[in-house]
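Dropping a structure here in structure tokens format, bear with me for questions.
First chain written, first letter: the chains are A, B and C, and each begins at residue 1.
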Amino acid sequence: MTRRLILVAELVALPFLLVTVWWFSSAGSSSVFFPPLQTILAALVDWFPEGVTRDVVPSVVNLLAGYAIAVTAGVSAGMVLGRVRALEDAFSPIIQFMRSIPPAALLPFFILAMGPTSTMRISVIAVGAVWPTLLSTIDGARGIEPALLDVTKIYKTSRLRRIFKVLLPAASPLILAGMKTSLAFAIILVVVSEMLASTAGIGYFIISSQQYFNLPDLWAGTIVMGLLGYLLSELFFFVERRLLAWKGEI
Amino acid sequence: MTRRFSLGAVTVVTFLGLWELLGRTDALGDHALPPFLATASALGRAVAAAEFWMAAGHTAVQWALGLAGAMLVAIPLGLFLGLGRLRHRVTRSTIDFLRTIPPVMLLPLFVLVWGTGLKMVVLLAIYAAVWPMLTQTITGVRQIDQATMDTAAIFKISAWRRFWRVLLPAVSPFITSGVRVSAVISLFIAIVCELVAGSPGIGQLLAQAQLGGDTALMWGLILVTGVLGVLINTVFKTAESQLLAWHPAYAKGQ
Amino acid sequence: MTSFTTESSIMDTVQEAAPSSPALEVSRLAKSYGKREAAKQVLADITVSVARGEFVCVVGPSGAGKTTLLRCLSGLLEPTTGEVLVNGHAVDGPPDELAVVFQDYSRSLLPWMKVAANVEFPLLEKKMSKAERKALVGQMLEAVGLTQHAGKYPRELSGGMQQRVAIARALAYRPTILLMDEPFASLDAQTRAELEDVVLQLRDDFGVTIVFVTHDIDEAVYLGDRVVVLSGTPATVSEIVEVCFPTPRDQVTTKALPEFGAIRGEVLTRIRDAKQQY
């Protein structure tokens, strides 16, 4: 019991301290850039109910749609490339180059080709966030224990079962590691695409607050964005822990 | 090796041919994808101008300062936090929170406070690039066998030597892999700042090319960012394997 | 120890075969790894025939090529020359009625499946109801003494227990031919003796044909109807020793027979001779 308490205390002490310091040091601040935390929180409360549907939902929808495409494509292509040596040899130079392009650099092209639409955001995420998953899946697929493949041959495992019960689980630790980086890429891309060309979304909210010089809203939007990023990555971590429970270490 | 090379070359050529074909037929409409040859010649023209090299220089400097600044912060801080049990446990939740929040969200705020110049880009790049190195360094210190440190202490090895001969070598594989990730992040952030805030650099030229409808130049500059990324990846990978040649994980050429 | 007399006949799955044909027939088999200049011949001119229901043990020094031979028999590896017939049919690819217990058992289990799911895994391909599958899995886990561990992941088990899971999985598949590659190498003497008897029981109940690779000459002599001694580089069959003890065999009385010592001595001598020859 006391161990639990100590653990919780360790977790919350520093965040609590930091917020408190922020609160008191900013109280009565007259700097335009650093409004009192109280003002920021008030802006947050004002923003709250409609803000979620207006700003957060569109961002999250685009994010998840693009991410889903990126992950599906990355995992399926990665499994094939990782198992077929000649294909990997053939595509490796192109993949190595594409993954080195900073994902945001592709935005001008997508904006030009598709305009400030949801399709544009989903496409840029699909293309920009696919590489970490793809590369990691290739590594994972290449490293699958050959003994397991022998087992599936001896026991005549059907193709689908071989893929979903043997190959994918075997590669899953690396697939998930790649997916984690892809998620970070996807979040960056959705925010940046909204900052560059959009009329909705949390990135748009932040950038327009900046343009109107509305500092409390800007701070509030930044905080919301931070919490959103944190929540998504915690959610990912939760799912990952479930999926890799069999490894018994994380 | 040779088979790998020739297969790769064949696909690259096919890929470029396909690009040329798609470009010529304007398959995506609006000349959003110009032919590869047009892109290459636009890039060739750009490279001949001083403006390009100024921009490339800006991007390079912002990247380098961002990475260097992040190293100066993250490595000592990581060693410090990793070495104390309490320090580590108390700061863990805060670090976990801060490293998962997307750094680009800070861009508008940073622009208001510091403008769009080099200083802002470097500060944001530092902020973003700190986390991989910090968490890696902490992990590296935490995984050191307590017995190793105890042995060193028992043999009365001076703290100075313990640091250089025991601690640093044990942590270095973690630090270098963190640095490699951070190097890439620093470039990503520099490009985002240039693109969104119009800070000087390749990203700014890219945004201008897009706005001016010069798609051939735009694609040429996208390729340039890719080349920068490849350079950074290669240099850091090579440096890492050189530096860690002594380390068992690298001994067999990975 | 449970016996295996319940359930429908395993013969359901067996291919049509000439009743007189042996279960396994290996003729002039040779195997080389690598190509052209880099080729390394491991097996040369192996000819063996295994009758239905026969228990054949293969012994030989480490690196002789026992695993390679077994992989050729199972259809996982294509012989360089020569032929393998299973129930009279030429092998290309693993035959339906054959199961293998691999040497590196810990790597051949699916680490993301619990013990029961691992044993059930091959059964998913068979036309069986879920209830039938569960019953069979339970029965096999009991046979290898792992009933209490059905809900654990392989990593939570000791090496010997993991090996028993691999054995249960192969047995549950109800093969007519079972290939086992040093299956008991990492077990304690007690478990080992028990599992040896489980395998013998299985053979008696179902007439399963077993090819059993082992380093342990006592084990080979105790289990086998014949012991094939493999030696040399490339390896050939240097000797086939007939073992003619009464069945059923018993850990205490069989091993106490005077013939046991004699045959064991003979096999040992053959191995030593073979070693000196090369």
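To be clear about the criterion, contacts are C-beta pairs under 8 Å (C-beta built on N, C-alpha and C of every residue); 3 or more make two chains touch, one makes a residue touch a chain.
Computed from a predicted model, the values in this text were never measured in an experiment.
Looking at contact counts per chain pair, the maximum sits at A-B. When every chain is reduced to the mean of its C-alpha atoms, the one closest to the centre of the whole protein set is A. Inter-chain centre distance (subunit B to subunit C, centres taken as mean C-alpha positions): 54 Å.
With each centre defined as the average position of its C-alpha atoms, the distance from subunit A to subunit B rounds to 18 Å. With each centre defined as the average position of its C-alpha atoms, the distance from subunit A to subunit C rounds to 49 Å. Shown for subunit B are the residues in touch with two or more other chains, of which there are none.
Of all residues in subunit B, only 3-4, 7-12, 15, 28-30, 32-33, 89-94, 97, 100-109, 111-113, 187-188, 191-192, 195-196, 203, 206-207, 209-210, 213, 215, 218-219, 221-222, 225-230, 232-233 touch subunit A in the complex they form. Of all the residues in subunit A, the ones that touch subunit C in their complex are 145, 147-148, 150-151, 153-158, 161, 165-166, 169-170, 172, 246-248. Here subunit C touches subunit A in the complex through residues 74-76, 93-94, 96, 98-100, 102, 104, 107-108, 110-113, 121-122, 124-125, 153, 155-156, 173, going by the rule given at the top.
Taken together, the subunit A residues at the contact with subunit B in this complex read 10-15, 18, 33, 86, 89-94, 96-109, 111-113, 184, 187-188, 191-192, 195-196, 203, 206-207, 209-210, 213, 215, 218-219, 221-222, 225-227, 229-230, 233-234.
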